[in-house]
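Pasting the structures in now, so scroll down.
Two complexes are shown next, each including chain A; its partner changes from chain B in the first to chain C in the second.
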Partner chain A sequence: MSELLKVEHLTKIFTSGFIGGFEIRAVDDVSFTIKKGEIVSLVGESGSGKTTIGKLILRLIQPTSGRILFEGKDILQMSKKELRENYYRQVQAVFQDPFASFNPLHPVDRAFDLISESYLTDVSRDERKELVRDALRQIGLNPDEVLGKFPHQLSGGQLQRILIARALLLKPKLLIADEIVSMLDASTRIDVLNLLGDFRDKYGTSVLFVTHDLALGYYISDTTIIMYRGTIVEMGDTEKVFQNPLHPYTRMLLESVPDLNVKWEFKGIEPEKEEGTVYSLQGCRYAPRCPRATRLCFVRRPELIEFEKNHWVACHFYY
Partner chain B sequence: MAMLTVEDLKIYYSTPLGHVKAVDGVSFEVKEGEVFGIAGESGCGKSTLVHSLILRKPPMVHMGGRALFKGKDLMTLSPEESKKIRYTELSIIPQYAMNALNPTKKIKDIVWDLAKEHGYTDREEVEKLLRERLSMVKLSPKVADMYPVELSGGMRQRATMVVSTLLNPDLLIADEVTSALDVTTQRVVIELLHHFMKEGIVKSIIFVTHDLALLDKIADRVMILYAGKVVEIGSTEEVINNPAHPYTRLLINSLPRMGVQYKKQKLKGIPGYPISLLNPPKGCRFYTRCPYALDKCPSEEPKLVKVGNEHYAACHLLGGESQ
Partner chain C sequence: MKSEKLRIALKNRKFKVGVAIIVFFALFALIGPLVTPFDQLGYYPVKLHKMLLLKRSTPNLPPMSHDVIYAPGREINVTHYLGTDSFGRDLYAQVVYGLRNSLIVGLIGGGIATFVGLTIGFLAGYRGGWTDEILMMITNIMLVIPTMALLIIIAAYMSTRGVIIESIIIGLTAWPWTARAIRAQTLSLKNREFVHLAKLAGLSDLKIIIGEILPNITSYVFMVFILQFGGAILAAIGLDFIGLGPTRGISLGIILQNAVLWNAINLGYWWWAIPPGLIIALFITGLYFVNIGLEEVFNPRLRRE
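This part shows the complex of A and B:
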């Protein structure tokens, strides 16, 4: 498989406070690649920078430093026109809240009109309609049941499917899916997830699946990237990361996932570790919470190293 | 011993189009010393059910049934009476516990206001108890002198749980307390609830969630709701490992778990969407999505039948027509 998207040393610093006196390194020196036809899950808790990475790739915000290469071309060098005419035709996104993604005053069809007006200009009106109906059928919706309806007449699951249908209408090469099932009920969630898999199988669409839910990431993705406070702590083949977690943070996360196959032992209450200053920490950001941390961990940031084939970890313990 | 006995409870919402039958004839019992789980998807009535036990205000209306809590019917208590038992006998941890505390008051002042209302007169004693409890949940006793805004999200979560349980309520209701939390914080909340039970601070807990896997970790018994009706009730072990109702079975099969990957084994969701509660069908409310539906399912309501030791389900396939 060849590379589709390459992220190199990506950093995003948000500043706040009077004349930017307070800095948060939301994404800090992050590098990874997405291959053609690959589903990559980007897993992390709130504040890990996973959504910021998605926004950077969509160029909704500008990075502080680093490069993002799409098919070898630096997207940060692209003009607005190039982005609109070329990049967004190939990179589409679906976000978390399906209710917020629609204008409540318009029927849901408008979502399709906007995209076909910009990108399907050479297609006749009737053909466009058929394309939309076809896209809806592919994701398991009956076009007659949803077209012409207003957002409040449909359920969250239906709306989210419509958004996926819209994103996939252009048959993009990359789909950024940011927490797309977290607001859906368990019984409809898995079918939406299966759609991503189907599309990849059929059209070779790569997917960046941003999630906080490890079980979902494990289910759908080929590669998993685990983030903690803006840095990648572990990444590699999904199987390897989940079956043989190396980083203490990954291990702790996996222990916290409620899984039907695993019984929990109650270990007693542990103190909340102070981590307010963690974004400016010199060393490993997980050090204040890490049971294995040594002095070195607080002063030097561990680099990602390849522990076994296609399984990377950033932890001094493995040097 | 039953702490709470709910009998044929009906809680509707009145709308211009008619009544939305959010909770429609639900009966169950919460025993002393148990964690009772209520699970279901959005719109199943789980939140309405527990909130109606605390406070009913329009458009929520009580249309029938009783909820006996320590001998008193919660549905007929006067506002003064229900205020009196809040926090001391019956308490709720709200869904957004992190933001539930008044940000302009110190934790100790919030607690004192609350204690005063319940007839406590010795401020020092209440503060001493607060500091003890804060240490118990591994927070610094100094948190008592701080404002909620000074605390991190995780610390606020703990502080709110301390406040809700300070006056040792017999029954604690936790409504989706973990749904907005990271998995690691979620685990802490479960540990805390377990600890409150073990220490005898609370006698019983009703834990409401949409997450069956999480319920599996804490609840002794679970009740599965669908569209305002009980579809299955029993010990957690039985219901999770040996589900009787088609809905429960399909729901459990749709949950991703470690070891299951799309590449190797595709999971399936439940097709379709829940019915409208404005005009629910006479019969089973799940029949529109049920792959096993029989001719009588749309018109005849299935009754709960015994399918195992203290394990009940409401489905015609299980003989739901005879009581």
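This part shows the complex of A and C:
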């Protein structure tokens, strides 16, 4: 499989105010690649910068430094026109909140109309309609039931499916799926995830699956990236990361997944104490919470090293 | 959805009362001048060969009094519905033409202020960065300059001023608050996910502003326009009252100014000062009624059903 997207030393610093403001390193020196037809899950708790990475790849916000190469071309050098005419034709997204993803004043058809006006210009009006109905049928919706309705008349699951249909109408090369099932019922989650898998199999679409739910990440992805406070702590083949978690943070996350067969029992997970200062930490950002932290952890930032084939970890214990 | 809003609006008593007042005065300004033979300054024009003579009546006649105007070769019976001023000019004609001009000032001045405010607010809010910094700096400077002082200076520099010029000046000084409010709304809307998706659909910034952001604040824009409309009328009347109104023509403010200059109230000529003041007060009240009513229409939490 060849590389589709390569992220190199991506950093995004949010600053507040011109004078006397503080900085938050939402994404700090992050590098990874997405291969063609691969599903990569980006896992992390809230504030880990996973959504920011999605937005950076979509050029909805500007990175502070670093490069994002899409098929070898740096998208940060692209003009607005190039982005509009070329990049968004190939890279699409579905966001977390299906209700916020529709303009409440227009019928849901508008989602399809906007992209077909921009990208399906060579297709006649009737063919477009048929394409939309086709896309809706493929994701298991009855076109007659949803077309022409206003967003508030449909359920979250239906809206999210419509958004997936919208993104997939273009058959993009890369789909950024930002927490797409977190607002859905447990019963519809798996259906939506299976849809993503189906599309990958049919059209070879790569997916960046941003989630905070380890189980979902495990279910769908080929590669898993675990993030903590803007840095990658562990990444690699999903099987390897889940079967043999190396970083203490990954282990903690896996331990905190509730098990259906086990009643709750306190395992001594250290809650987070220092919220703001962690971004300015010299060493490993997980050090304040890490049960195995030594002096070195506070002083020096661990680099990502390849522990075994296709399994990287950023922790001083594996040097 | 549009008809739904209209249905709620028509059920709202404040809205209905406000609209009734506005429509009444708008019709009055449109039709009123047709039923008076006097010109906008209250003179009776008499054509004599190729000359136009401006005839006056008896000064200080109370409302509904009849008078005779002596034109060469004939006598004309006239009724002064609102009496005459100290120069024998008909006050009803002055008031209806003045109201007409005041409404023109409101429409043009309020329209310009709303439009400029919208444009600057959208640009600053949507583009952000330096565009925002510079535009907001200009807006803040405009905010701290006392508008009335600025209006006086501008008006004083122009030797001849018409109603149109006056409304443009007012419009160009009244937009800053609107710009700030629209900017704030845009800031919150531009990070909604549907705006992101519109961007991903390859829409240009202008299309996103007009197609995605503007429809979400139509109600607000509508109310801004009503407020600006009333604000422009009041600003114009303020200018007229201190003698910086249109140099040619009439307005409600100018009538009031004349009434004060010639001691109308002290001399008991109440019909000179009260009608124009009452019309201004009633009309502005109507506008505010519509505004409050609309707020209840657009904000379900204020609704009492």
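The rule is short, and it goes like this: the second predicted complex is superposed on the first by the 304 of 319 C-alpha atoms of A that agree within 3 Å, B and C clash if a C-alpha of one lies under 4 Å from a C-alpha of the other, contacts with A are read in each partner's own complex, and residues count from 1 in each chain.
Quick note on the criterion: a residue touches a chain if its C-beta (ideal position, glycine included) is under 8 Å from a C-beta of that chain, and two chains touch if they have at least 3 such contacts.
Every value quoted in this text rests on a predicted model; they were computed, and no experiment measured them.
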Classify the contacts of A:Ile220 with the two partner chains as first (chain B alone), second (chain C alone), both, or neither. first
By the touch definition at the top of the document, which applies to A:Ile115: first (chain B), second (chain C), both, or neither? second
Partner, of chain C and chain B, that touches more residues belonging to chain A: B
Counting only touches as set out at the top, which of chain B and chain C does A:Leu58 meet: first, second, both, neither? second
Of all residues in chain B, those that touch chain A in their complex: 41-42, 136-139, 152, 154-155, 158, 182-184, 186-188, 190-192, 194-195, 210-214, 216-217, 240, 250-252, 254-263, 266-271, 273
How about chain A: which of its residues touch chain B in the complex? 45-46, 155-158, 185-194, 197, 212, 214-216, 218-220, 222, 238-239, 242, 252-264, 266-272, 274-276
Across the complex, what residues on chain A touch chain C? 55, 58, 60, 84-85, 88-89, 91-93, 95-97, 100-106, 111, 114-115, 118-119, 150, 163, 166
Complex contact set, residues of chain C against chain A: 1, 192-194, 196-204, 212, 215-216
